[in-house]
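Just passing along the structure, written as structure tokens.
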Amino acid sequence: MIDFQYTKPGFNILRAAHAEYVVTDLHRAHDFYVDVLGFVVTLETPDALYLRGYEERLHHSLKLTRGASPHIGHLAYRVESNADLDLLFVHFGGIGLEPKWLDNEEPGQGRALRVLDPVGFPIEFFCEMAQVESLLQRYDLHRGAEVLRLDHFNLHVPDCAAAFEYYKSLGFRCSEYTSTDGDDERLWAAWMFRKPDVHDVALMNGKGPRLHHTGWWVGDPVSVLRTCDRLAALGHAGAIERGPGRHGLSNAFFLYLRDPDGHRIELYTNDYYTGDPDLEPLRWSVNDPMRGTFWGHAAPESWFEESSVVADGNGGIVELREESLKERPQTVI
Amino acid sequence: MIDFQYTKPGFNILRAAHAEYVVTDLHRAHDFYVDVLGFVVTLETPDALYLRGYEERLHHSLKLTRGASPHIGHLAYRVESNADLDLLFVHFGGIGLEPKWLDNEEPGQGRALRVLDPVGFPIEFFCEMAQVESLLQRYDLHRGAEVLRLDHFNLHVPDCAAAFEYYKSLGFRCSEYTSTDGDDERLWAAWMFRKPDVHDVALMNGKGPRLHHTGWWVGDPVSVLRTCDRLAALGHAGAIERGPGRHGLSNAFFLYLRDPDGHRIELYTNDYYTGDPDLEPLRWSVNDPMRGTFWGHAAPESWFEESSVVADGNGGIVELREESLKERPQTVI
Amino acid sequence: MIDFQYTKPGFNILRAAHAEYVVTDLHRAHDFYVDVLGFVVTLETPDALYLRGYEERLHHSLKLTRGASPHIGHLAYRVESNADLDLLFVHFGGIGLEPKWLDNEEPGQGRALRVLDPVGFPIEFFCEMAQVESLLQRYDLHRGAEVLRLDHFNLHVPDCAAAFEYYKSLGFRCSEYTSTDGDDERLWAAWMFRKPDVHDVALMNGKGPRLHHTGWWVGDPVSVLRTCDRLAALGHAGAIERGPGRHGLSNAFFLYLRDPDGHRIELYTNDYYTGDPDLEPLRWSVNDPMRGTFWGHAAPESWFEESSVVADGNGGIVELREESLKERPQTVI
Amino acid sequence: MIDFQYTKPGFNILRAAHAEYVVTDLHRAHDFYVDVLGFVVTLETPDALYLRGYEERLHHSLKLTRGASPHIGHLAYRVESNADLDLLFVHFGGIGLEPKWLDNEEPGQGRALRVLDPVGFPIEFFCEMAQVESLLQRYDLHRGAEVLRLDHFNLHVPDCAAAFEYYKSLGFRCSEYTSTDGDDERLWAAWMFRKPDVHDVALMNGKGPRLHHTGWWVGDPVSVLRTCDRLAALGHAGAIERGPGRHGLSNAFFLYLRDPDGHRIELYTNDYYTGDPDLEPLRWSVNDPMRGTFWGHAAPESWFEESSVVADGNGGIVELREESLKERPQTVI
């Protein structure tokens, strides 16, 4: 039995807010994210690019950092107030973690703490960030994938049930989940949210800790089709890994892309409102072929196996553990 | 100067939840809302229809009640818990209003209170409602306007500044607003939200209290175009009052329809996330022609002048007061 | 009774092929057609711009010529072979017109003749034109209105019945038409084609000869909506005269724009195949409100009254005659 | 060297007009084509269904016939006049074929002849067919795949070069083709048309004669996505064999479906005008991965291998021959 009892912690995490992708060739990454996909550049330094979607009013939602090998620098959630940061610092210390205050590490960002969380990810929490202009109605500037905003993180976790309990303890709720069939039901994946749509973070059974992808909101399915046409016309059809298609789980219309370093992003639209407290999580059997692609298409092997390793906060990479469940969603066609 | 300081009341209003339209011919209303527009019927009684959108999991978001003259029976907000209802009851009593507990008045609904609020509207608050099946992925059933869920109420209020203060006191924040130009800036309209999109309620300067419209979320602009084609094919082109078009304010792609009793609904999509606490409200001048329709189209006279009167809770209609500001948004072709 | 008996002339006119708009400020026209609307530039000279849509493989479909006052230089149809040009020359002489051979007047174009036709328009016929690259799949380059190709001309003609007979004599057939009600049915407008879609030329009762608009094929209705968003974002919302909407007549999804000189263009998509010889023309009553806009919207006064005057081929403008029918299509909201 | 010199035969074939699919369970086929895909029923008899798209004005474009094993009964082209039928009859006799006049075999159809052509297909030619109402603007009735009209046939032919010469002799021209690389260029596939879009018939190297699919025009890519959603919601996701996607060749946005008997249909939109006589055929290398799917997706094995066998006109099935070229288009991902 999966326990969907939620707690209300004292702090208030608002939403998934930004990710740091460490890339080996910043020029090549600029070409992909800015020139091809049309991400908006807020700031460019010799060692990093600070990007955002057309709708976003905070300084950045994607940081690309030059580095020796591809990995994830950190993932950041925004909290409601600076007081929430203090509460989180105390909370993490209390459960045996080692949160650290950052010292103006990211341009435009106020106080922030980082912690290597029990799931194994380098997570940042911050409240204040410099405001920039929304370009939502600057339709003349919209290009490429026409990304509007960051929507969610998707994580490969070795122990989904444990990660689920951890995120519940931070106040996240569950909109949909996948579990094994039979008497011994076990959680295979969970979609968890703070802002009231399907998720801020998805937890998927897999070798980890690794970031499977970041998900980016686009306006409608037509935007996704146009992105495919543009990618192909520019010789980047190879970046398309999966889709376009409709997810059963979340109902999202999706497209998965791989960047030149192999990091994955998802273009995502068409999910739904989840803010009612009595929302019952939707269950999908790990064996339901419509769970992944509602239309029945199989996902490629790479989509299940490949993900981005994550920084340990001390200059290294967090060691991988094998997934605890060996079931894989059934694929058809 | 408009004051955007917010307070946090003790109760937690979640969102706009349902409306009651009193119609003079229930069969005709059934034809329009169910047969033509494709609203889902949860319950049909001799005197009322309880409808919802394809995504919704609560019993109803639109109640159509048979009555002698067209008006609005009530507008309902959902709260997080039953304790919030008690707090609201006390709160309203404390500011001199006369809240009343309902006695199982609406099928499927738990405890509820109603109050004629200071703005002059019959407002209901409830927490519990029977859950029904989401038909979001029953694409085979989607018809008509393919309405997914209720999004917001839009009110004609005689004193927008006063209504704005009242809604702030309930914990609503402001995403966008319209004000007069010049030294003596006065609030002409305000878009206010609890759930983090552009609004749960819009307040527009106008003779009132009257409901201007309820807004219903649809999946994308193409759904709106298809609705126009279907309405016209069925001989209901006359129901189209304004649009399709893009609002400057809210960025929504919209269509306004009038039902056979003259009540107005809006099909609405493409707004944006507003959940960050430092979100700065966007100002539009009452004289900016792109404010109403981003593409510059004028709204028809009827759109500015006609609205639905509201019940006073004692079998009568709330008396109308003239709007306090005589400016009207400039319209151009 | 309208006579839909067709003749097969000896020559073969293929389709509407290009138009020449004389504009008073070529820089301003470049800004509108190229920078804003995204027409492809094939050739730019000090006095003219030669433009085409993304799909087109001929040198130009729109010529913008610098001139002292806005008017239409000529409209051109493509024929199948050079022999057709000779046959047309003889044909026009035979009916008392004065066709003239051009002397390499347009870059990239082979032999061509011009004639001031009985309807009063300066019409060119040509067969050969230089081929250029189709940019249909260069989705990375598609911008602005994403115009794919020229579709048709729409003419204001004082005597629609006479113009109809003239175009029938050239081998054009009729897909749809508008006529007056009552015993004395009179032709108010006719949509006539050589290529098998709804039209290459439309004839509308009105003061003329004037060009009402040229129509340009776009990929789908979403492209039209995006054009509105882009125009508005660039401060060109004022160029939108009518639409977006669905025509009853032709079923097209449309948008009408006015260029800085007042010339009109239509973005047009979603018509249908007409190539079967037994296709029966569809009749619309001049009083049918769904004829113009299927959704019931009225067209603005300017759309009925304003059009571009045409060159007489001798440095002057063809004198206008009043329309023969005073009926105007009923308009409703 | 491939020879693109065309001849003008004395007869005039207009377009691909209808197909006869022999199915083993007519009730099941009714469910698929009518209830799920929304084809319009013109006539239903105990042994056959006569279907059409929403735009079509002829009696039928798809005949489903009850039979013992799945195969193709015939494919029909429409000609301009009954005189063309006589000319074709003489023509076929002159090249050693055995054309036969039909005796009112198909309801609503006038004189018709059938011939087992040199490519091995049972082809019908007819001119007259009963007219029925176009439902193009009956948007209230549009359902399922919202098919508007038949667009083309696609054939698996053992000898593509020979089939290409045969279709040229009937007056078909070539819009695009695939050929092998290297000095000994050989034709692998050809898209050939009479009506001026990309094709009425495609010839693909493969074991044959077999019908690969019939292609059906839909209004836009969004219609295709909606079809996928509806199919999946009805439990028919398994019918989706390939796509949705963009073809490199033809630029079409496509979806391939398999009916319960394994017959294949394509939903097809977004191709382009080909009616100019100097249109140069576009070449694609058989090894170009963007040829099949512009976005780089591989087609499934079944799409290359499986097709519908065809009737020999004498109660049997035409014997299959192996394809002459062993190259298969390179597939990626």
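Per-chain numbering from 1; labels A, B, C and D assigned in written order.
Definition applied: a contact is a pair of C-beta atoms (placed from the backbone, for glycine too) under 8 Å apart; a residue touches a chain by one contact, two chains touch by 3 or more.
Owing to the predicted nature of the structure, the values given are computational and were not obtained by experimental measurement.
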Between the pairs A-D and B-D, the one where more C-beta pairs touch: A-D
Which listed pair, A-D, A-B or C-D, duplicates the contacts of B-C in over half of its pairs: A-D
Distance between chain centroids, defined by C-alpha means - chain C, chain D (Å): 33
Inter-centroid spacing, chain D versus chain B (mean Cα positions, whole Å): 50
Averaged-CA centre spacing for the pair chain D and chain A, given as whole angstrom: 44
Multi-chain contact residues (two or more partners), chain A: 137, 221-222, 229, 232, 294
Chain contact graph, described as a line, ring, star, complete graph or other shape: complete
Residues of chain A that touch chain B when the two form their complex: 14-15, 55, 57-58, 78, 80-81, 128, 131, 134, 136-137, 148-149, 195-196, 219-222, 248, 251, 270, 272-273, 275-280, 294
Chain C contact footprint on chain B (complex, rising order): 221-222, 225, 228-229, 231-232, 237-238, 240-241, 244-246, 253, 289-290, 294-297, 300, 332-333
Complex interface listing, chain C residues touching chain A: 137-141, 222, 226, 229-230, 232-234
